[in-house]
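See below for the structure under consideration.
Every chain is named by a letter (A, B and C) in the order it is written, and numbering of its residues begins at 1.
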Amino acid sequence: MTETDTATAPPAPQAGVAVSVSHLDVSYTVRGHDRLALRDVSFEIGQNESYGLVGESGSGKSTVALALTRYLPRNGRVSGGTVRINGQDPLAMNAAALRGLRARTVSMVYQEPGRALNPSIRAGRQVAEVYEVAGASRDEAMSRAEAMLAKVQISDPGRVMDRYPHQLSGGMAQRVIIAMALAAEPSLLILDEPTTALDATVEAEVLDLVAGLRTELDTSVLFISHNLAVIAKMCDRVGVLYAGELVEEGDAQRVFEQPRHPYTVGLLRCIPRQGQRKDHGRLDTIPGFLPPPGQSMTGCIFAPRCSLVEDQCRQAAPPPFPTGPGRTARCYRHDVAPELPRSTPADLQLGPGPAPEADPVITLRGVSKSFPGRDEIVHALAGIDLDLQRGETLGLVGESGSGKTTLARVLLGLVPPDSGGTIELDGSPLGPEVKSRSREQLKSLQIVFQNPDSALNRRHSVRRLITRPLVKLAGLSGTALRDRLADLVASVRMEDRHLVLKPRQLSGGLKQRVAIARAFGGGPRIVVCDEPTSALDVSVQAAILNLLADLQAKEQVSYLFISHDLGLVRYLSDRIAVLYLGRLMEVGPAERVFSGPHHPYTEALLSAVPSLDGAVPERIRLSGEIPSAASPPSGCVFHTRCPRRLDTGICESTEPPLAEVEPGHQMRCHIPIDQLTRMQATGSAP
Amino acid sequence: MVSYLLRRIGLGILTLWILSLIVFFAGQILPGDPGRAILGNLASPRAVAALDHQLGVDRPLITQYWSWITGLLHGNMGISYQFRSAVGPFLASALINSAKLGLLALIIIIPLGIAGGVLAALYVGRPLDRVISLTGLSAATVPEFVSGIVVIVVFGVQLKLLPVTANAGPGAPFWTQLKFLILPVIPLVFVLFGYIARMARAGTIEALESDYARTATLKGLTRGVVIRRHILRNSLLPTITVIATQTGYLIGGLVVVETLFNYPGIGRLIYNAATSKDFPMLEAGVLTIGVVYMVATIIADILTITLNPRLRTGVIR
Amino acid sequence: MTELIATPGAVLAANAAQRELPAWRLLVRRPTFVVGAVILAFWVICAIFGEAIAPHSPLAQELLLVNKGPSGANWFGTDQLGRDVLSRVIVGARTILIVAPLATLLGTILGTALGLAMGYLGGVLDMIAGRIVEAVLALPAVIVIFLFIVALGSSAVTQVIVIGFIFTPLIARTVRSSVQVESQLDYLPSARLLGEGPLRVMFAEILPNVFPTILVEFTVRLGYAIFTVATLAFLGFGVNVSTPNWGSDINANYGLIGAGYWWATLFPALAIASLVVAINLVADSIEQVLAG
């Protein structure tokens, strides 16, 4: 059929190929029905090659890893095709041979490092076990484990050996797992979303570590991720999975630069790139939904969502067409795929935008929040001063534990702030808690939570969920209620038929639309968006961002937009606030904060983010881990990790004020702005 | 950990105090007059009043409670109305008898329940699992006197293999005593097997499905090592607490089993005290059960903390 | 394939698909549910139509037919007063099937209200109620109930109230922990941001989500209630001596087992066992279906 057809004669173990997967079908039996999770997936990974599998949730990318290690769940089985790892077939092995393969040939690194380690065994023992399986004595295994921990750049391996997993941070636990995976010197290392659960700064460190060790240890890598930029950074070649099919494959850089399958084209357009902002227009989206798992289809699996679709696409599934050296795309129209018509018009009518001279809608002055911890007080927020203008989006960024969510909850009145600070809405003070706020004030402040599964009552219908704020906050009833409901449902691009459904019957994107409709039901002045798209797939994320931008333009609402994804923050925000250990380190216009000069912490955050656009700025590294908010460092709280710390000692002794360095741009740093500009222009340390 | 334990013991004492209130005032709503109950219907009102005065039951409730609770703290559990002598010795011998029966039940049930639960988990969804789970479930909810009657009819009456009373008599050799205890232990074992097996099964299934079990398997460890080293350590922790809380049910079961088999343990003591309105005996007996339960749960907590590093060591970063 | 151990992700995915069928259809597909429901239905029919089904009068004493073993005329034999054991077993279902469900219902309603309040409002209320719950749990329920029945007498109303009150903390504890799981979810702050008061949050937002737990708890507790009512009767605190009652019959006859007259004791015992097992089969099926 094509040049990748190797099914009839399984290849002899040939030099240069570490993994060969051909025509792999995997199905899960659900209630007596076989559902195909992978169909006709073929790829090869060369010796020392790094191969990326990218796809959205439900694409089957983790199933590939499970099939390679033969760890499919009980209801799953390989229903066709072959797998060869170093010429061996894991599917045909007996138990002992399979153990041998797992012990010596294939290793795996997992998404949630904290859960992948046994909670009741010390980290060192868990690494040493790998050596014991290989036949080392207990003492020898322990000493080799310690050496391996040093190799994954754990600065104090002896101490980490004695720790239990719950005493390790996420990044540290992932290093331990990487040490465990590499201890067996495997010929294939599978990384399944290894950095998805980690902060960007930690992710950058872990990715650097993996890249470094890979070249050192002669290991082939299968890197599985939903994050295109991470794959672009880490992989030589990439395969794009869609609904269980490998739709495009080839050199990673070229696939991302010149995608030839409409799905890849669409996916890349969903991501704001190269500093794209909402005033440049809407993001493109992929219409429709992922087909339900196991749905049998005669034609191309992507046809229902493809704007280039022709008759032949619906009649027979396209074979992989060669689209360049070492590249294939399963698309009849691969030649015109790059010119895929937009499915969302680019024109975005923005509102007048924030008026800089107007009085702010919301004003925070000296807002602090501390929680009683086990033995100490945790200062989650310390003296926050912040304004939000009408119709403005303020992006709030910072690592996990920086206080982003606490700030949102204090603002909303879900947790009371410490006494002393003030929060004002239109100049009049807001009560510390929801119950002390008037209906008018409640109406003004709403939130879109990160995870709609958690934020929507799963026993209530969509109608009930959306109607309640209209009744309770807007005080509507009768015809007015019906009209407003219809209006609201239309404005979040949902349909009447959705109203009778329960949340679990909706896709992730639709659920988030219900949550947005709820937040907008009362006619809010300020909506807090707490990571509103991080639980969603890339193609859905773009549609939600467009919706938020449209609603803002229409309703002149202000957003406090919290996200760990700096690309999204840049796309949507007018101003940016950077939090570190509960303190604002920098506040300023989005473009100024991104382009610099910026606070050294902002600089570090920005340089940690992998980019699809190549041209990564000179990386400055953050050393060490985020200190405890219970005992923040003296002086500037960032000095323990700051790459640009002054050697005068002032950073250690005195906390700098949040000072205006240029109009509307504040920074909490001792380094004078012009000196900072010079440093960041040349990428040198002071 | 020490501070946690002190807090735990403090809470336990607080609970016991509330329990003493409940028990004492429940005793007070018992109808009738202790003096009358002891002396019978034919006694003169003056004699009843005199006895009431002697027993102290004509004093205000608070005073009575105070003297009762301070007495308890000094090891004085009061005078039994029924036997006209100190409650302590009766309680002590009954407690020892019950302990024999209860411990024998626990010795049989803990390994059996855990093995059943783990086995069911390893074969989850298959026939063996269904058999173990449903047997456990059914056995756990059939009242002890029902299963007791069945075993008596089968082994005692029809097959005549074992004695149908539990008491081998004073000074009987160990093996004879054991033989007499076999039938009464069976209903207790029945009731407890289901709970312990259910908990062990749930914990083991959770551990089997965990990410760390996957890590261990994909390290190339044998299934036996995965289960012994990685699964059981985590899966049996919650079972410890269940076993401790089951001691309460065990004692509840003793009331019935001891009555059915005519065995002089604390269950029958409480039963007799209640039917003859012997408050001091009843209150002391019930409170003793509360103490036994409290001690069992505190021991279980200590075990859980010692075996669970997450609880033993704080989060240090 | 012994090396394969299920991974939770895929199991969850399978469950999600399975949930599309309505719960009752999943229930009737389970053999354990069907068996349990049939036995339960049999006893409910006996309880309602008792005398009409029974071959003899359960109260008629045939003094010539005392302690006769099972025969064609008296399938289950006769007791020491010459009454037909089969008829007494059939009619004896009534009291237990009235007292136990009512007691469980009372306990479930009170326990749900208390558990919701403890779990959602927390604070001092949770502290105090928690201590009382602990204290009650420190005693075997049978002993506490026994204590109160001895004190208050053993009428049907007393049994319902005492068992209901003693079940309250047990059920409250389950509901509370379920509410605390719900409290981690964002739909509660969502509701508070609409200005919903605590009562509405508890009963309109949380209650529907913890309802499956309550349903399972109800069926499980119903099994216990039967256990308890039967045990009390066995201990001599039956509801009413004039109508037949399994536990009381056992109490009256078990002394004769040693003499070989086992039937008057064994058949009521088996009746109790079958009823309790049936309820637990139903409870277990409901739990499994609701858990996915």
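Keep this in mind: contacts are C-beta pairs under 8 Å (C-beta built on N, C-alpha and C of every residue); 3 or more make two chains touch, one makes a residue touch a chain.
Note that the coordinates shown come from a computational prediction; the quantities given were computed from them, not determined experimentally.
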Chain pair bearing the highest count of C-beta contacts: B-C
Greatest separation from chain B - chain, by CA centre: A
Mean-CA-position distance for chain C and chain B (Å): 21
Whole-Å separation of chain centres (CA-atom averages), chain A against chain B: 52
CA centroid of chain A to CA centroid of chain C, Å: 48
For chain B, residues contacting two or more additional chains: 210, 214, 217, 223
Residue list for chain A, restricted to those that touch at least two other chains: 71, 74, 95, 99
Shared interface positions of chain C, touching two or more other chains: 2-3, 5-7, 11
In the complex, chain A residues that touch chain B: 69, 71, 74, 95, 99-104, 106-108, 110, 112, 115-122, 126, 129-130, 133, 163-164, 166-169, 177, 180, 184, 374, 625, 628
Footprint of chain C on chain A - complex, ascending: 28, 30-31, 62, 66, 70-76, 95, 98-99, 293, 409, 412-414, 434, 439, 442, 445-447, 449-451, 454-460, 468-469, 472-473, 504, 518, 522
Chain C residues within the chain B interface of the complex: 2-3, 5-8, 11, 32, 131-132, 134-144, 146-148, 150-153, 223-224, 227, 230-231, 234-236, 247, 250, 254, 257-258, 260, 262, 265-266, 269-270, 272-273, 276-277, 279-281, 284
Chain B - residues contacting chain A, complex: 125, 210-212, 214-223, 229-230, 233-234, 307-310, 313-317
Chain B residues within the chain C interface of the complex: 11, 14-16, 18-19, 22-23, 26-27, 29-31, 124, 133-134, 137-138, 140-147, 149-150, 152-153, 156-158, 164, 208-210, 213-214, 217, 223, 245, 248-253, 255-256, 259-260, 270-271, 274-275, 282, 286, 289-290, 293-294
